[in-house]
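Here you go, one structure.
Order of writing sets the labels: A, B, C and D. Residues in every chain begin at 1.
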């Protein structure tokens, strides 16, 4: 491993003297040693080998945001085409690729991964630790996601983009009606992104359960961490369905299996069951992290702890359970037993209750707080208007008779954008304004922020509200054009105008983000006076996050600092000490009440996650063209993974010096 | 008033542990949850397709019981060396861990060989009809898990013989055994579905 | 083009009517809830004091519970739960009502969806009385209709907003949809499930007529195409038979019996061409035959290049198919 | 320090991408406009008999087309269209799913009148003695080229990534994309 040695020789990697233990705060030699230890190696190779959760998460966030912009531009072109009846700006073939790419991008390349990316950045800081669990797996998950997304856009550039919708219903997506490789690329993109999401779920679960600061019992972790934990568990049980579905689709297309061939005992509806068993939880995978953002933003700007913490947690869990019980409401138009449909109607409506609980708790928090109207809070308030409206149209769609009328019409387009943009994108923008200073050390411009918010809010409603009416007037979804004189012309034109406003606001956001990198006001550790741990360390955080891991005494550690016992008992612990500073050693705590449990050795940076990701990419893309790729493609993967896990003697020696059996 | 700095010294804590105290255990747990869900959904698909068909299995006799049952026995038997390996690892007995891991490996290889015969005994192909497709998928999925865990065990054992040794390796062995149990116990419902359901009337 | 009704909120039959009723109720409830939530939020924003980031957080809630707030939150949740239960009940009752549509003496249709047009078969007790048409469904006003839905290639969805909710047509399965048109009129329907290149131009029309007008229309539809007059029409038929037309289309009473495209026996009696893409005028018919890809890119109808007098003859013949 | 290998890798990737681009483009393109040279004049001389038997084979000398079906065989969409037309126009009536019946087998490429695209084209256009009807005039030229491409795919003569996969129908034999060129099957007329 000459690259390993190359890294050993990097200046940043000169191992600190082994006697140094952490504990003394910033400024001490121990602190310097910790930073040197946890910093990613310099140079291009070091960049490729990075495993620090903040480095990976920054790339992850930027990548997903680029996909968000790309997907938005696709939608913008669609709106241009639909501005006038019978427009010939894009033909049916291109249009079908556009809306398929738009849906797939937003769902698989933006909404779910961006939440996980933000979590990978924030969780260790919020929970008071120095890394996510399995940092190399985390890096691998990012690379595999990146390559999957790049593949999809590469084939789009080659005019071979999938064109059968982000839901790829068979038989239209099957071998008989979707010639060429377009749908195969879609199916493999699913495999890439879902693999990444599943691995990130494991990372999140382990991080939240095992790597919390001492004292942060489960009933004290920030609600955002709860939201991500619940989301991660949903990923574990939802994503496998779509991976199996996409695999059976691709085998139908490539090796002639008959899962979806009615003439040979297959059934097209099986696809819909598999897809929506994933597809509906998917919506909540996107929505729950959004709720987590709000539960972080609202208390800070209401200057008080959240109202009804326990109710909030239970609501998140209830949502997760119900989310698996309503996939059939996407299939009401299929002839299925009526009784079953009534059950799914009930489930689909009742899932509104947990959301209602949280909304009311937030309102209670706001009305009893002292408000600080900053841009993040504005986006949080925008959520209330848009998400509630979208939720109510969702209740309409849950009712079988109403759904049979508006299903697959523009009413649904309106609904899903109200829910997803209101429920995920508005909180996400709020979160971006909220944590940007933590990530970059500088505040974003408030003035541009307000413009950004109001333009987005207005543009969004101008674009999507008319679509409700279009749907009620009988305009179906996924049409590349429509005829004049059907009463759809004006509303479509209005929607297109709205899309211009959204584009402008997005542009302002990008400008604001880039300008503030240089010109933004220095933030300091805690610009908002927030209460969670990520604000305890400087902005941007040092490579090791905390020079001394804090001991937690409340739900908002910065608002509830340790207090000396009144009865003159021993003073409470304030911070952790005794972890090695010259190697990546971390404190693992117990799952329930976060008592110190283990000193865990964390792996050093390595190039092998990237190499493994490349090997996997070769297999996935090769298997689109020949099934044998699965055989020969697995050999480099095996080699790369073995090299990944094989311990280096130098590392082992360091570990042995610190080793202490259970 | 806020308290003065007081350090919680953790330098005496163990640096590795077995079971759910170790991060590895949670990683393995996550994998098991994912794979288990995949199996469950694949079985669901099997039963769904059956519910759509007038006769089952489609255009083929039920698969022969011989190899499948033989494999089930071997697989169940392989719990024993795994348990031994797990115990040895948790006792941090390098020599016996190596040995028992080797035995596990032999079991796995024997199983993989028989698995070949099992495919032949299905009397159908993935491209004959939906029944063939779903049976091959079920059996294929499980075989993939066998292959990966076999390879995993092999690498681990080679590491125990040649590589630099530290306590964490014993945890890896213990988690490897845990995953193997999953491969064994997930097989039982799959066995019941592949070999039992076609015989139901 | 036929100006037709296609509005969920303007029902012209009992099925769409029930849904309209449910819609009104749900919309009312949802509007009230929406207003209430926003009002509560607004009150909260107005009542709450203002403070900056530097101000110390108010930790009083940590010490003592907030019974007042808890009570109001619980009340709000309880209220929303009750409203939801009410809506569930309403939805289920509407479902029952939809299922109860009487089908005595119903007219039986069989609709088969193709990429990208609708094949309509009127199924009568006597096979001789059954007949085929395409993209245009005539029904007698006030008489229930039972539509059997099938798909020939991919999944489509049958939707006439003014008459009833939609139903998917899935290859390898059949579904049925019952509706009744209570008022004369032309109701537009369109495929609602994405089905490929021309999903956008896959419309059809339901024409509800008084029973006697319907009967007359049906009688006309049962007639096979007569012998065309000498001269242009006759020549037109020759061209039809000898060009690519006859490979896909059928004209009852001639040797053209192919079933790949719409049955043209009564083409001239229809209001539109190419599944509602064009008005059925000689000019548009010319355009359509000469180069379908200009009108409906990706449609499966090949271009037929004819000399202009041949085209005149062909179009002239097709015009006689009433 | 590692720039030269990087640059090499970069150029390699570029070359790969561009070659990919070319094949992907022609493989995936869907031309929805009718080719200008597309003639489908009615055939006054031969009366149509039935859908299965559009017209007797022509007695006049065989005329090969100008081109050799460029742009059809390497385009998945066109091949798929050919497969649809094969089904629509009931070619299976004589040739079955390629196994042959009344007509000769098509899953081997030992064809009496040649297996070059141009030869297959004129076989379809003009028909052949003793059975093979002439579809000239009844099919537009691009349709015949699409059929030609598909017919050749049945004997595995096309790129694997443009040949069709399995159909949503009863399976007679393996998907065209999975077939390799076979030697003549004895007994197949």
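Throughout what follows, contacts are C-beta pairs under 8 Å (C-beta built on N, C-alpha and C of every residue); 3 or more make two chains touch, one makes a residue touch a chain.
Quick caveat, the model's predicted, so the values are computed rather than measured.
A.B. asks: Applying the touch definition from the top, give me the chains sitting in contact with each of chain B and chain C.
C.D. replies: Chains touching both chain B and chain C: A, D.
A.B. asks: What chain pair has the highest count of contacting C-beta pairs?
C.D. replies: Per-pair contact counts point to A-C as the maximum.
A.B. asks: So how far apart, in whole Å, are chain A and chain D when each is placed at the average of its C-alpha atoms?
C.D. replies: 46
A.B. asks: Calculate how many whole Å lie between the centre of chain A and the centre of chain C, each centre taken as the average of the chain's C-alpha atoms.
C.D. replies: The answer is 38 Å.
A.B. asks: Using mean CA coordinates as chain centres, what's the gap between chain A and chain B in Å?
C.D. replies: Between these chains, centre-to-centre, one finds 30 Å.
A.B. asks: Could you tell me the distance, in whole angstrom, between the mean C-alpha positions of chain C and chain D?
C.D. replies: Those two chain centres are 36 Å apart.
A.B. asks: Scan chain D for residues touching two or more other chains and write them down.
C.D. replies: Only 30, 32, 166, 168, 171, 174-175 qualify.
A.B. asks: Could you check chain B for residues that touch two or more other chains and list them?
C.D. replies: Chain B, residues with two or more chain partners: 127-129.
A.B. asks: Could you list the positions in chain A whose residues touch two or more of the other chains?
C.D. replies: Within chain A, residues 91-93, 171, 177, 252, 255-256, 258, 261-264, 267 contact more than one other chain.
A.B. asks: Would you please name all pairs of chains that touch?
C.D. replies: A-B, A-C, A-D, B-D, C-D
A.B. asks: Spell out the residues on chain A that touch chain B in their complex, using ranges where they run on.
C.D. replies: 21, 23, 25, 133-134, 137, 198, 201-202, 205-206, 209-211, 214, 236-237, 239-241, 243-244, 248, 251-252, 255-259, 261, 264-267, 270, 273-274, 277, 548, 551, 561-564, 571-579, 585, 587-588, 590-591, 596-601, 638, 642, 645-649, 652-653, 655-656, 658-662
A.B. asks: Okay, in this complex, where on chain C does chain A touch?
C.D. replies: Touching chain A from chain C are residues 1, 3, 6-9, 16, 18-19, 22-23, 26-27, 30, 33-34, 37-38, 40-41, 43-45, 47-59, 61-62, 66, 69-70, 72-73, 76-77, 80-81, 84, 87-88, 90-92, 94-95, 98-99, 153-155, 157, 159, 161, 164-168, 170-173, 175-176, 188, 190-201, 276-277, 297-298.
A.B. asks: Please output the residues of chain A touching chain C within their complex, sorted ascending.
C.D. replies: It is residues 91-93, 96, 164-165, 169, 171-172, 177, 262-263, 267-269, 302-305, 307-308, 311, 333-335, 338, 341-342, 345-346, 349-350, 352-353, 356-357, 359-361, 363-364, 366-374, 381, 384-385, 388-389, 392-393, 395-396, 398-409, 471-474, 476-483, 485-487, 527-529, 531, 554, 556, 559-560 of chain A that touch chain C.
A.B. asks: Show which residues of chain C lie in contact with chain D when the two form their complex.
C.D. replies: Contacts found on chain C: 171, 197, 238-239, 241-244, 246-248, 255, 257-258, 260, 291, 293-294, 297-298, 300, 302-306, 310.
A.B. asks: Per the contact definition, I'd like the list of chain D residues that touch chain B in the complex.
C.D. replies: Counting only chain D, the residues touching chain B are 166, 171, 174-175.
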